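Chain lettering (A, B, C, D and E) follows the sequence in which the chains are written, and residue indices restart at 1 in each chain.
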Amino acid sequence: MQVNENSKEFKPLIVAFCCNWCSYAGADLAGTSRLSYPADVKIIRVPCSCRVNPMFILKAFEKGADGVIMCGCHPGDCHYTTGNYYARRRMTLLFSMLDYLGVDKERVRVEWVSAAEGQRFAMVMNDFAKKITELGENVKLGDIRCKK
Amino acid sequence: MKKIALSKLNELFAAIAKDTELHLPVNFKGETVFKKWTEGDNYAKDSLKTVKSPKDLFFPQNENISNFRKEGNKFIIDPVELPKSGIVVFGVRGCDEQSFRVLDNVFLAEPVDTFYEARRKNSVIITAACTKPSESCFCKTFGIDPTDPAGDVTTWIVDDNMFFAVKTEKGEAFLAKYADIFTEAEEDDTYRVENVKYLANQIFAKLPLADLTTEGWGGDKTDEKFDDPKWQDLSTACLGCGTCTFVCPTCQCYDIRDYNTGNQIQRSRCWDSCMYKDFTMCAHGTARPTQKERYRQRFMHKLVYYPANNDGMFSCVGCGRCVDKCPVQTNIVKVIKAFGGDKK
Amino acid sequence: MQRIGVFVCWCGSNIAATVDVDRVVEAVKTDPNVVHAENYQYMCSEAGQKLIRDAITEHQLTGIVVCSCSPRMHEQTFRKTAEAAGLNQYMVEIANIREQCSWIHKDKDEGTEKAIILARAAIAKVCLNAPLQPGQSKVVKRALIIGGGIAGIQSAIDIADAGYKVDIVERTPTIGGKMAQLDKTFPTLDCASCIVTPKMVECAQHPNITIYAYSEVEEVKGFVGNFNVKIRKKARYVDETKCTGCAVCTEKCPSRKGRNEFNCGLDTRGAVYIPFAQAIPNVATIDATNCLHFKTGKCGICAKNCSANAIDFEQKDEIFEEQYGAIVVATGYQISDVTKFDEYQYTKHPDVVTSLELERLMNAAGPSKGVLVKPSDGKHPHDIVFIQCVGSRDISGRGKCYCSKICCMYTAKHAMLIREKYPDVNVHVFYIDVRTPGKNFDEFYRRAVEQYNVDYIKGMVGKVYENEKGGLTVQAVDLISNERVMLDTDMVVLAAAIEPSDGVKHIASMLTASIDTNNFLTEAHPKLRPVESPTAGVFLSGVCQGPKDIPETVSQAGAAAVKVVGLLAKDYLVTNPCTAHTDETMCNGCSSCERVCPYGAISYIDKEVMDKGVREVRRIAQVNGALCQGCGACTVACPSGAMDLKGFSNKQIMAEVDAICK
Amino acid sequence: MQEITGLMVKRAKELLEAGEVQRVIGWTTGDFCYDVTPAVFTKAEDLEEGKFVYNSFCGSNLSKYLIQTLRNDINAVNTAKAMAARKGENPDDIPGPGKTLVFLKPCDTYSFNQLLTEHRIDKSLVYVIGVACRGMADIEKIKLMGASGITKVIDAGDKLEVKTIYGDKSFDKKDVLLEKCACCKGKEHKYADEVIDPEPLPEGEGKGPMDRMAGVTMLEEMTAEERYAFWNDQLSRCIKCYACRNACPACTCMKCVFDNPRSGVDSKANVTEFEEKMYHIIRAFHVAGRCTDCGECSRVCPQGIPLHLLNRKFIKDINEFYGDYQAGEAEGQRAPLVNFDAENDVEPSIVNEKGGN
Amino acid sequence: MNNEKALAEEVVSFSGTNPRNCMKCGKCSATCPTFEEMDLHPHEFVSYLASGRIEKLLQSKTIYKCLSCFACVERCPRGVEPSRLIEAVRDSVVGQKGADYLSPDRIPERLDPDLPQQAITAAFRKYKK
């Protein structure tokens, strides 16, 4: 979480895991098309959505992320043919478990964004950032030692 | 001897808590634990053993011991303040009281553990005599009198009253501080307390483990026991879960861990267990590659190595927590017996 | 401690307008691992690259971070730059501060802050990078074609012409496939045999092509460039080297009960047979299930009559092993089972035939020597009904959900041929849609309607039944006039759906090539890699990948051949070093990773491991670097974290997370 | 119980004496009848001495012991072979490890199959005797119901007669069943070379009286805040002794990520709320689709945390999202998390769409 | 949405089948034994309902001519099950009071001595509520 000193308004910290072949390229296209989305979103490039270990997501929350979003190729379009199918199951179960533990389920999300969907990428990020801003600071799933 | 009506106990607790942190067994979330007393907590007078021992009052499971960080290419250490000195621990059973002395021998010997010392110094231990032991109790094996435990002050409950007997100067001073809450015990009260002790001792004699002895154990037994093939059989069932070490009032091994918060490194120590595969892991590996060695280590430490370094004092106090909590029921009693420590 | 250099690109004003590049440089300099940081207008320019090369040498950098455009743009460029300065190319990370920062943010403070964070994440990652060396694996210069139809033949000839050895494995006694059974081809109406048999002969005579007919692939091991294939040569009971193909035995054989597969079972053949006159290899085969010698131990008339002494009843299946660099799957198709459609009387009435059967009936080499007759009584039919989409576009569970693609055209062909040869025959076609995309296709169909007066009726046939005259009655509705149609006819031809050959499932699993729900082989990418399977070194040709007509099949076969030639032309394959690898002391051998690997790159070995003073033999996962494409599915499936991915290791990604969340 | 114990001893002795098996994994007695310990017997006479027991407190899952026992045996043989080779003798003369006999209750056989699927044990080295089970008692429950100073427990059909130094008590066995037995999956052995069951139940009978998913459903019906409070309460008691992991037959990693300083998530004690959750989420996730719901985690937790509620949540989700799946039902199953259904798998957003809070 | 469309959708959802799966092959009508008796044919029912038109169907005689023999259900390659749609339309008509197609007093004149009991019961289910 970062607090902007001047305005004191809440600026969320959002980590986005994007697969190299579709979503990262989609993010690039959003940039090339000059479609803006909040700077709160920081992208981490992974080869495939199936590379995203639930531990990475929990780690991000631990260190102070307010929202984590994972983007991959649309089901059926995976560069590695089946990666996102596994990712889809893993994330479904992880999110369900987080919800079960009473953690805000809106703080995590999976979106499928293709390399052609720059506009959609920007839209998704705007929407997600708006949602996280509404939810405010993540208190339920963070390590107190990492709060500033 | 002083006395106080049980109904007035909370008054006493309130008075103590005003001056010092007071910890005592209470029923909390469905189990009996040592908890810092706050208004509304009631002393769980009938409970025998808390799940975890009170050792974490002086030796917490996790403790931040130092912080450091990098600033540019500079390295800065931020020392952690020592904990506040002195608490009152109320309702300690004889076995747990002895465990404090076992820990003292380790942490207060040179080099002194300053964190432990800061907590332990000025603390007052008020013990509670046992009247209704459970089948897993065997403190008498280690020379503890559970019906008249040591400590700074010892208490007995007779009917609706609690009786306080001073055992140390520290205890004397403590009672004096709250003198106006107590009344002086009468002469026949002393007999009544003796009677409670007598009855309790009779029950203790009937316990299934009453005949357990430490015969054959002691500081000089390393060579005799170390390579005994029995260890292999005894340790077969052990899952290496470490539950025994975590509920044990005398296990004192710890590990040092660093945590990166992003801004600094927090160095803390936390309980460790010799039952774990990675216990005392070094660059070359571990000296105890299988569960047999780890299992042997725990019991040899309690019954041989510790006595060797501490004038024959065993570092088991017979509280029986490990007997109760081991998921596969392999425990120190079985070890003692396997090597012949049973009079029967 | 690493010695990291950071290079911040302005990209003219593309970055510099929104990101204060000086501030980024100052900020990253406070990182203890960074020993050098600078900015420059165009890092990707020769001057910019020189800057990087010089800094690497001067500051003895162990890794560099370039804050610039997307890694998809210039990662390769900067890797080469690093390589040129003697730094391992995988010690380079890109912080994407253009597409994902300066171009989307307007506020300069905000942009600068984000650029610093992205740079820090890249620094955190590069500190954990390890120098990687692309591996090499040798390429065996020989290709295997599974299936000897027109797809396999074309691929084989193209590869062989390029100078590489090719083996064709065909499970039937001859190559030629379905095309050899056809009479004419659309839309040109040229004779199928006339164009396919020369190709078959070319295969047989080509010095680079070996044909293993009547053989099957038994086992496939290995990986791209280095497949190890076991092939089973089934016993023909005829010595191929001696048989001259004189066909005397086939005439003398007293057993006449064999189903003639080549004529779709419309007639029978001897137990010793040559499928058709132009078969390649032109040798006889004994079908042991019908042969009297194998049944009774007697007979042996064929052996007595064989002047070449080629009959060998003692012959056994022979299994041999061969190595290949590439494999083309060209297993083709079969006609789907139409017996489920009992409303069309296929199993009840001999005059209801499938289109392929009609093809044989009209073929000069067919059972009726090319004269169109009713199978029931051998008489000339006067009225023929064609029913389209039998089993195609069917989601009721009886058929296939897809369009078989070729039926509209071959039906138009049949209708036209019949009308031309026998103008007295009325031809009706019941259709749902007529699909004719393709060069000269629609013109062809229109010709059938306009010139040859073929009666096209929109509407599927409801049922076919035998009428009192012994002929067939077709009940349908003309959807245009919305009227019941009851049609007496002599023959009914079903345009049955086509489906992948039934052996394809087994072949796909041997090759770890994936198949879809209809058993068609899946391509690596439906648009960009349509002739490659997701398994490296395995290529697809023909209908095994999806319904196709002959020209399409031939062009795909050529495309597959080009891909094979491109692969075989290399002496070594450079393997991507960003692959998964196992930590042997942590691997449980539980097979989770193997199950999620789309490339079959993971196998297990029993290996002696030294772990914490214990020496023991364990089942350990092994990653084949040549097969692994680096997706990382295995790394998450692995519960102990023994499996990790080079270039995107757990530690690296977590370091990035830490840096971003700092 | 006595009858079946006799049959088990008889069979084990036969097999040991015939050399069919080299060792027997079973249970042995302790001081109070209820403190039954898993043990390995190598001599027929040990079995004779009455050391071998099978009573209402044999809740522990012996499948897990197979991993280490088999490995130790193989290692011993390999070491002996290496020594022989060094001495110039023929290593092939050293006999193999032989078979190990293990007694498995119906629920344990699920774990056994799962271990086979994951290649953690070698089937050819094990002889499995399935033993009948009618539910195991929970000594913690008996103690909570007021029995202290227990000296003896007598198994009397549906009742447990408990003798204590403070007097005798009697309990209905169904009231003091282990949680896992109250929700028993069934009395059928999913793997066994032979089964010892003197009085077999009719097919399909013997399932536990409680609904396995009742606890999960109850939590799901709470509000998010209530759930959060519930788990904070429960998990804050965790002392990170890792007993749940070490007893779990699915947790058989050579090196657990929580013991591995290089994994980035290791820790030895919970410092913050987050660390409590992190461990339990990751552990539940790692065994998701592999957990047979044997209930050992909850049974062994010294703090009595209902850990099975985490595992069952995953089981419930998997059943709802991907179709019913029982880990360990048979050898060679493909676990749901290493599998997928391209067409029918739900999207992660289903978590948001699901009703409630 | 107008009333007709809403009613059509309701009837479709009631039928439990999806007319949009239809690829307009006409096999339902082709296979129908009472095609000639009908004013609107099974394929038209599917087509009308797929486009949200139902008024004409409610007036149609077809709903009483359909034998519910399920030949169309059996043969439809797209699993549209036209007879279920007809059944649903019929139910929505006979569900309205006074819309009885056949009244009990007209039964005797039509009775055939060989008519099975079941057919009469079925007829009442179909023609009257």
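The rule we apply is simple: a contact is a pair of C-beta atoms (placed from the backbone, for glycine too) under 8 Å apart; a residue touches a chain by one contact, two chains touch by 3 or more.
What you see is a predicted model, and the numbers here were worked out from it, not measured in a lab.
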{"item": "Path length in the contact graph (chain C to chain E, fewest steps)", "value": "1"}
{"item": "Set of chains whose contacts include both chain D and chain B", "value": "A, C"}
{"item": "Chain pair, A-D or C-D, that carries the greater number of C-beta contacts", "value": "A-D"}
{"item": "Distance between chain centroids, defined by C-alpha means - chain A, chain E (Å)", "value": "52"}
{"item": "Averaged-CA centre spacing for the pair chain E and chain D, given as whole angstrom", "value": "59"}
{"item": "Between chain C and chain A, distance of the C-alpha-averaged centres to the nearest whole Å", "value": "36"}
{"item": "Intercentroid distance (Cα basis), chain B paired with chain A, Å", "value": "47"}
{"item": "Set of chain B residues in contact with two or more other chains", "value": "259, 262-263, 277, 290"}
{"item": "Of all residues in chain D, the ones touching two or more other chains", "value": "255, 257, 263-264, 271, 337-339"}
{"item": "In chain C, residues with contacts to at least two other chains", "value": "596, 614, 637, 650, 654, 658, 661-662"}
{"item": "Pairwise chain contacts under the document criterion", "value": "A-B, A-C, A-D, B-C, B-D, C-D, C-E"}
{"item": "Partner chain B, residues of chain A touching it in the complex", "value": "63-64, 143, 145-146, 148"}
{"item": "Residues on chain C engaged by chain B in the complex (per definition of touch)", "value": "30, 32, 612-614, 658, 661-662"}
{"item": "Parts of chain B lying in touch with chain D, wherever the complex brings them together", "value": "29-31, 48, 51-52, 61-62, 64, 132-136, 203, 206-209, 233, 236-237, 239-243, 245-247, 255, 257, 259, 268, 270-273, 276-278, 290-291, 323, 325-331, 333-334, 337"}
{"item": "Residue numbers on chain B that touch chain A, as the complex places them", "value": "259, 261-263, 266"}
{"item": "Chain D residues touching chain C - in the complex, by the definition given at the top", "value": "71, 74-75, 78, 117-120, 252-257, 260, 262-264, 286-287, 334-335, 337-339, 343"}
